[in-house]
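Okay, handing you the structure first.
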């Protein structure tokens, strides 16, 4: 993948024709797996992430918490999901992302209902075209809801970037790789709370503030799609 | 160190008894006859960026296959052949029994049986994958990703492998002055050269009954399983007893015959899927 | 090792002078180790495999079975056993063979006599010249008997191959490497049961059937040698 | 697999309550105000044989940074750049909580946040580290060694990293006829070319209070932490929420402002330490 | 580092100006870490080693001993401590040295006061210029004392070498690398006991005997410095 | 992390007391005197396909040594020397105490002591193992395989190592046009060039008694062990205290003298075995 000359053309359109604040086509599906207690497949453009939830189930002693459920989160990339075939052993990047994703989900799961249990959340990136951790957060949120885990609110994620001095939402891989900043954000709009933010790149304080503003608007929409998806799945279940 | 697996009472004895009662009447719990596989769906090109991909559903078992093709070095003793690498992951989202971690004996056995059943009958034309003999060849990474586990991973994985191989596209490349191979386009119009198609047929033996395409419940109550690989000419191109029990010579003869017929069903579905190459559900429940 | 032009000469003899249905010189010894509860050294030609059995002994909790003993089997190649020095860490091949060998021994050990215990079977290939897994099964069978573990029957193993369109028994390394098929078989003739079969290579259905027939004849003889070996060892013990 | 950490009652609830009582009065247990870091000591060149080194004490937290510079190969996609490798070890002598073993998620996160905060603003001039383009470049190994753990590893580690980088010396080398690069003298007088200085500021949120440079007790009772990296111009060059809780937009705005001020304190101490380059205690309790 | 022509000049001085039986400048400090129960930083010339002690604390079951405390010792080199950057994963050398250092400390710790507990001793080499294991033993001895662990006696360590046919004490890295012998010794002079000795290289029986003699003299002095260091630390603590 | 081993009451205190009673009378439980090794058998060329091999029985302790010789690259700092790699495996079939897995501290110590005792006195002429200086040399892989464990692995392993080295045969090779080294015949008639023979002598200290070649029971009741390596001229070419206890200077002097004599016994048996090179039992019970 070569660096493009410009990221935004004279009409203010991005390389794939989107406007700066426009997200890629979003698809969400729940209940896609039979064994998992909850599951979801979420796509933003070509980025496809599958999430599954098992639990709550009795914890192994070594991780059992007396006053709450413990979350176990694994973010993992399929070997065929990346530009070059990825070794299936967890990379340092996957270890870090598993941690920040766990920490982005802890605030929304009502864990004190289930002391001494654990809830396993598996996030598998099937195809990567930028934004895998934020798509993963959205998929995990849906899979938790699909599993019937009590939650304070839904979260969704999106990355904000900066190219040609313009803030843009939902970076694809080229924008991520060659842009000036990549700021993944996960939030629960119904709580007004941000549960994950990271910044790779350089932003002024003002840009930083505006980036979060931009993200919150998109995340609002994404959570609405999540709700719609869940409503439809209940409907289907009811119709069966 | 291979250890007797722990799986007590997942299916209580009473359930095994009720299954056997059905078998005595010639029936199975999901209403199939003994020699029919479950409903099958084969989708190809499910991933836009991989060189090849497929998603196979065999009942509730789901396997995704993904193919990446990269330049690499040939093995010392086969300078005139490309390299095929088959790996399988029992991803923990597929089953409460699967744990994260390096491949265990089950995923290794699965990958190695698929690998041998492709390699021994020369299903993939490795000789066509040479860029510069003895120096640069194409490496085909075939990764089998088990997404949902309801028994019979072998047949679902082999169907997924073949569907992905048969629809995969080679990359385009240029040779740099330094001799380096640079991929100029990930996906061309050129397919991988496939010499022959292969399917495996898995049968479970439960007492004296032989069942094609066992689901998870049937696997758990079974005494042992056999995986037989076939080409379209009906040759046996691989075989593996898997599981703890044993078989008589007569039972093996019977398994070969039963499996040989079932292989034709798989080949038909595979060929149909390739003809249409559209994503739609196939097979009968 | 180069590929030979022919595997079978005009007189129907193989490269090492054997007839198609002839096994290599076989040696069996039991009680070769002092610490193990049972042990055996078995050679088919240059292939030498040592097996040792420990147990039954109380299981670690994680593998304890309430109704039977669990078997733990390790097939391992000594670093000096192979053409090129082998890394001692277990290879994927060794992991698979440990599994299929365990599954070839489970049917003959009367495990329900010893619930909540484990029986350890260690199979060490000292020199490899083809057929190591089948020699390993024979050695394990003898070591189990030497350890006094209650067994339904003895097993033995042999590989059937196909070279120059002829089925042959007990492949050596050249026949294994360059032949058209390699079909290792382990069986308990006294039960009429086959406990391991694999096929690498291509066979017609008829050849497949005939291969098993061939194997059963050889395995019958091998189990006879096992019995003779055990009888002699009891005699020695009695004479001491 | 990342798992909710176990740390129940290390600080009993009653202690948290007493801390909160202090915060309500605008005080902290160690008598700092909310936005002041602890006493800081920055020593450089603490190791004679490494290319660069430093020892930073931030309260009772101690981090040693060591730099080794060796010839190596560039990454395929950046043939004209040297390589910076940042690693962090939570050495078990630093805390009863640290266990020997491969890096866990905490040390990996620490190293990666430091790495990105140096890499993204191009703090180290990687272009100056090329020996032969596309073939031989300098590899800078920056190892962060946590010796004593009393909270806020990020800020102490980043100060140690910068102090070591800013005082490190390149090796002298000769090219052998074979093309091999041979180091003729481990340490020359040439510094590493640094484009800009960076510090991180860590804040803890405890209920509605924001505390700069939390010590271990404060980290344990906190809801979440934020690590914000700044350059001397006040740009944000990296950020990471770390820990289980969440933050409102307003809280993040506040954190940015508070952290931006605290960054100036760190920069002053860092610059002072470099000016003197003598080993003496700095900062105020 | 190139091999020097001579190790000892016409005046009997070594490359760094020392006499054969002269140790490098020694620095010892205790209580340098706040979390550890005891700690010490010891330098012989440029070799710097930090040691920390935690415990006694309740043992994990798997290593719990019914009649004594178990020691857990880790000798580890910081990645920046060596000529070439060291991979942080434990090398075979570090595994062996952890064992011999543990065995050099077992005889001086009164472990039967604390059954079913473990005492952890972490030895981190910060800079290596020869003799790291012996400096490590000295640092561990001080850290144990600083932690208030009951001890029969203090130990200290020094390496004896042979260059240009002369026995020398406290090798630096050049003398270690290119000398004819390296014999690290750890001893408790107050007990007249040697708790670690190893020899890499070739010595006659007489030289071997003399080397131990030489070591004992130096170790005597080192233990005196240890005692002085501990006395001063108690004084400081008293003055506070 | 090295941890105090757990081995409580394998030999009860009463047994130790009865052993000590024997020692007070100048006797050992197996009727040896204090300074005699157990019955020894040294077989060589026990494997037809390895470059060298041996099987040593020292009482009930059995060690197999196997040597493979392969072309490889020299170390950067010794371009004119071949490479000797010594590894030891405590194979789980040798003892209920040995577990499968990567080498533990005991097997690593064993291999490293054998390695140093060969390396430091230059027992193997590494300079004779160069194919193309700085580029291709012979790598000698010496693998020690512990098959039965009844104490004193060091002496048995060193005897096995020497017997295998002294009877090993180099491969024959050709240089391909590409510069590649191809082995044309695994085993030639050329031996490895050995500069000197080395043996180790292990003694156990039990209270104030020094016992040569301790068996497992004696090792368990011993306070500590010493391993002293000798060449045939009586020089000490390696030494290692191993085990938890301590020794006085006088005890060490005594151990050196006792071990020096026992070394002559080992050398004689080793030389006899090489002269005959037939497989027969040697030594006295």
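We just call them A, B, C, D, E and F in the order they show up, numbering each chain from 1.
One rule holds for everything that comes next: a contact is a pair of C-beta atoms (placed from the backbone, for glycine too) under 8 Å apart; a residue touches a chain by one contact, two chains touch by 3 or more.
Everything numeric in this text was worked out from a predicted model, so none of it was measured.
Chains making contact with chain C as well as with chain D: none in this assembly. The minimum number of touch steps separating chain A from chain F is 3. In this assembly, D is the chain whose CA centroid lies farthest from the centroid of chain C. Averaged C-alpha coordinates give centres for chain A and chain B that are 31 Å from one another. Note on chain placement: the centre of chain B and the centre of chain E lie 58 Å apart, centres being C-alpha means. The mean-CA centres of chain B and chain C are about 28 angstrom from one another, to the nearest whole unit. Each of residues 74 in chain A touches at least two other chains.
Multi-chain contact residues of chain F, defined as those touching 2 or more other chains: 1, 100, 103.
Starting at chain C and proceeding toward chain F, the closed ring of contacting chains reads C, F, E, D, A, B. Residues 33-36, 39, 46, 48, 50-52, 54, 57, 74, 76, 78-81, 83-85, 88-89, 120, 122, 124, 126-129 of chain A are the ones that touch chain B when the two sit in their complex.
Residues 1-4, 6, 8, 103, 105-106, 108-109, 111-112, 116, 120-121, 224, 231, 234-249, 252-253, 256-257, 260 of chain D touch chain A in their complex. Residue ranges of chain E in contact with chain F, taken from their complex: 63, 65-74, 92-93, 95-96, 98-103, 106-107, 111, 118, 181, 183, 188, 191-205, 208-209, 212-213, 216. For chain D in complex with chain E, the residues that touch the partner chain are 47-50, 53, 60, 62, 64, 66-68, 70, 87, 89, 91-96, 100, 102-103, 141, 143, 145, 147-150, 186.
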